[in-house]
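Below you'll find the structure I mean.
The letters A, B and C name the chains in turn, as written, and every chain counts its residues from 1.
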Amino acid sequence: MDSPQKVHVEFEGVSKSYDGRTVVVRDLDLAVYEGEFLTLLGPSGSGKTTCLMMLAGFQTPTSGTIRIGGRAVDDLPPRKRDIGVVFQNYALFPHMTVGENLSFPLEVRGMEPRQIRERVRGALELVRLEGLEGRRPGELSGGQQQRVAIARALVFEPALVLMDEPLGALDRRLREEMQYEVRRIQRRLGVTVVYVTHDQQEAMAMSDRVAVFQRGRIEQVAPPEALYEEPQREFVARFIGDNNLLRGKVVGVEGDFCRVEVGGQIVTAFRVVPCEVGDPVSVAIRPERVAVAPEPGLYGNEFDAGIDDITFLGDHLRLRMTVCDTPDFIAKIPNIVGHGAVLEGDRVRVGWTLTDGRVLEPDGPETGSK
Amino acid sequence: MTLHRSIPAAFLLLATALTGLTPFALAESVTVVSWGGSYARACEKAFHEPFTAETGIEIRLEDYNGGLAQIRAQVETGNVHWDVVDMEMADAVRGCDEGLLEPLDLGALAPGADGKPAEEDFYPGSLTECGVGTLFYSTIYAYNLERFPGNRPSTIADFFDLEKFPGRRGMRRTPQVNMEFALMADGVPLDQVYAALRTQEGLDRAFRKLDTIKDHIVWWEAGAQPPQMLADGEVTMSTAYNGRIFNAQVLENQPFVIVWDGQLLDTGQLVIVAGSPNLEAARKFFSFSTTVRSLVAVGRYISYSPARQSGTALISTHLETGVDMKPHMPTTPENAARGLQYDWEWWSDHIDEMNLRFIAWLLR
Amino acid sequence: MRPAVLVLPLAAFIAVTFVAPLLVMLGRSVHDPMVADALPETLGLLRSWDGERTPPEAVFETMARELLKARREKSLGRIATRVNRVQAGLRSVLMKSVRRLRGAHPPDSWREAMIALDPKWGQTRTWHAIRRAGERFTLRHYLHALDLDQAPGGGIIRQPPDLRIYLPLLRRTLAVSLGITLLCLLLGYPIAYLIANAPPHRANLLLLLVLVPFWTSLLVRTTSWIVLLQTQGVINDLLAAVGLIADDQRISMIYNMTGTVVAMTHVLLPFMVLPLFSVMRTIPPLYMSAAASLGASFLQAFRRVYWPQTLPGVAAGSLLVFILAIGYYITPALVGGQSGQLISNMVAYHMQQSLNWGLAAALGGVLLGGVFLLYLVFNRLVGVDRMRLG
């Protein structure tokens, strides 16, 4: 991603309500840069598809403006937007062969048959499906259909491609393989991709940036690492990877750190959002950053913990504990000491560094959990 | 009944059921089938009600539009539920030939008003093998005076003259009568009409004449339709049974005029269906309704005259309005002189092929 | 073994109520033993007749005897009718002759007596006709059903123009059925689309509206059309009231072909809508969106994406409507007047009025064959296995 980046797509104050009562997308501002792979990530029903459909032109925003390449597209019908769309269940035309499916967008553009053949061949090569032109979608495997759908969305060389959970129907192995494929193709062609998924791993693996959706709002837009390392809101912290959340009250502020009282004990944590003494906040700690039975004095935060439950997960153990009066506190420890070093019911010391604990804005009462 | 006979019979049964007839019968009742409308009402008043009063036998009255199809179906399926039928002469003769009707029992007929035996009292030719002539009626054409206030139609040729007398024409959807009308209108003398019909040229000539008004014809089937069509303005003139028009004139004050020129005079026949389920009651009714008294009584409700010589003198007035019936009867010499006796024998022999020719003509 | 037992009741039911009557009727179209049974001796004698001169006295005598016997058994009328179907005009010859011969003393020469009664007895044509009427198995009905006839000499000739009924009617029936099918498709397609894409509660309501005529008595429906369409009917009244037509120039919309087409289209519309609907329901609207996103205009998307996917429904609906239309007879009988009659009305006519069941059966056979042929052609073109009936 070379800067300066040019904005390709822009949502400005976009809201959408289907029935006039429930707002499905709320005052959305979002910029997608040229050549970027941006993922909309969020739980089911959070408005991801709706955003995509508004961008493709199948839905009109109730208010606000969408711009593509700087031009407002409110009045532009879908067929004139020149956007490749890969639908959730592919929407391959079942009565046409693969070749015909790929030719279709070129034929309606009045392209010459010879050129069409070349383009189709190129597109099939791109998705590694050479020689399957004559098959009908029904005669293809899920992964092959997926590739055809991608090829069809790309074959007319749109600058922008939208993909709505394109891998949702595939099994895990195939999905991972395809994640790589899609990313490879996108890199090669340099198209802008707006991608929708509710699988956070997929979002992490593929995206330049991820926009986390929650109830029609964007909680945070950031590259995957930043999202993981520096979630700004409790929802994001919980949605992206696992996080332990300790709720308490700020009792002191020292530079970049806050002292938070949780269950009668004081936790010191890195201040991500501005906070003042007396504010209710959450402290988030990644389970893999929690050390169990550390050398005393090594960590800025150390507490007593009771182990409620241990789950053996192969390469690591998952410990469910009660820390600072907060139950369901999770720690992941690598499987090097061997299973059996700690036991259910044991009381141990746990610790983490000052920067591994992060002070976040807690979710309001309206925001639910994952 | 063997299988290959009984299955088509089942079809016919179905057809019968579809026409809405319910085949059940009570002990003391008789099913009488007639032509509906004002004619059936006249018969009810004239002799159905007196018959029931006298004998206690109920009469169940059904309507039909002529033809033998329903009787054939009933007899062939062995599911007869009609007892006595009022039918056209040609059908009566044909039905008799086909064994669909009970043979006539002359002894059952009452003598004339003057005591003459029935055989001599009925007009010659009105007694057939299975049926008794009841009433003279004729097919005439009538027009609505309101549509032709100035120049009025007066001849059968006028019926076919669309230029002088524009408007749609009602005609019965059969070849009978229409063929004769066409020939008479085309100038064939009365006494040569049936001779002409026996030749191909005559047939062609009749159809050519019908061709001239074909697009303006509205076809009717039931005798009650023509007065209705005339009243509704659906047609400006229509062929019709004279009695129906008469009743519309006197009872509803309709401005209809009958043109007697070219009238076709026929006798209605009363018959008993072979295998009638209430044969005894049917016979009683048959005798009762063919008495001079009964037949003359009909003539007090509708302008049909008795087929018995001793009845002719007894024609009097219309019961409700007091109109003198004589000038309205088809048999009155002035009216009869301008018409033709319907040749039922020819028609009973030729109806099948004439029907096909007629259908073919309709299709052209 | 088990499945066979399960379908047995249905198979038996179909065999009794459908296959058997069908076979019996088809049998009737080629087999009629009535005359052969009534005149066995005459026909036996005629077998050795040379066919060129008037038959000998013995034939006349036997014929007279057998006719008089038939008359006593009340079958004469039916025999005469059958002979008359072979040669028009012979009915009166037979009936008249028997009427006259019945009371009379046996004449010295039956031959002369009968020829004196009607010269047709002296013509060889008459005897050829009697001989043909006496055939137990005959293709005559099929010839008649195709407006053909057997020449006295034996060749096959067309009926004279004023007796050609069935071929013109067959052509008309095909044309009308095709027209009705097209009309149903034109009217039914958008409706089916609407229903298939409406939210469920509204779809149910719309489907109900389409089905209501289905559930209404045929007579009620037809009568409503009469009320609407007749010259003094609602539509004409309206047109006249707003002055679109003069009062004496009301449009004839019923008792003619218009009436038949309108009423039949109405009656048959559900048979088009239902298969279409059932196919369209399975086509997600997503396809049209996908086509639009690929740059297709609505027409392009419809023609290339939507329409081809509905073809199985179009095919099923059209075939259904067409076949039903070909065999429909109640509606044309009620509102068709004369110009709106179809071939099935002639089948009904011969079934119910003229009682020429042989010809009715032959017409049915011709129709059946025609439909079967059409089905084969159709199968070739569309592929019946791809059809969806609903």
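Operating definition for what follows: a residue touches a chain if its C-beta (ideal position, glycine included) is under 8 Å from a C-beta of that chain, and two chains touch if they have at least 3 such contacts.
Given the structure is predicted, the values throughout are model-derived calculations rather than measurements.
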Category of the chain touch graph - line, ring, star, complete, other:
line
Of the chains present, which has its C-alpha mean closest to the combined C-alpha mean?
C
So how far apart, in whole Å, are chain A and chain C when each is placed at the average of its C-alpha atoms?
69
Chain B to chain C: how many Å between their CA centres?
30
Between chain A and chain B, what distance separates the C-alpha centroids? Give it in angstrom.
92
Write out the stretch or stretches of chain A touching chain C in their complex.
56-58, 77-79, 81-85, 87, 89, 91, 93-95, 104-105, 108-109, 152-153, 156
If you look only at chain C, which of its residues touch chain A in the complex?
284, 286-287, 289-297, 300, 304-305, 308-309
If you look only at chain B, which of its residues touch chain C in the complex?
3-4, 7-8, 10-12, 15, 67, 69, 72-73, 76, 94, 97-100, 173, 203-204, 207, 218-219, 232-234, 345-346, 348-350, 352-353, 355-357, 359-364
Within their complex, state which residues of chain C touch chain B.
20-21, 24-25, 27-28, 73-78, 80-81, 84-85, 88-89, 91-92, 95-96, 162-165, 168-169, 172, 231-232, 255, 337-339, 341, 346, 349, 351-355, 357
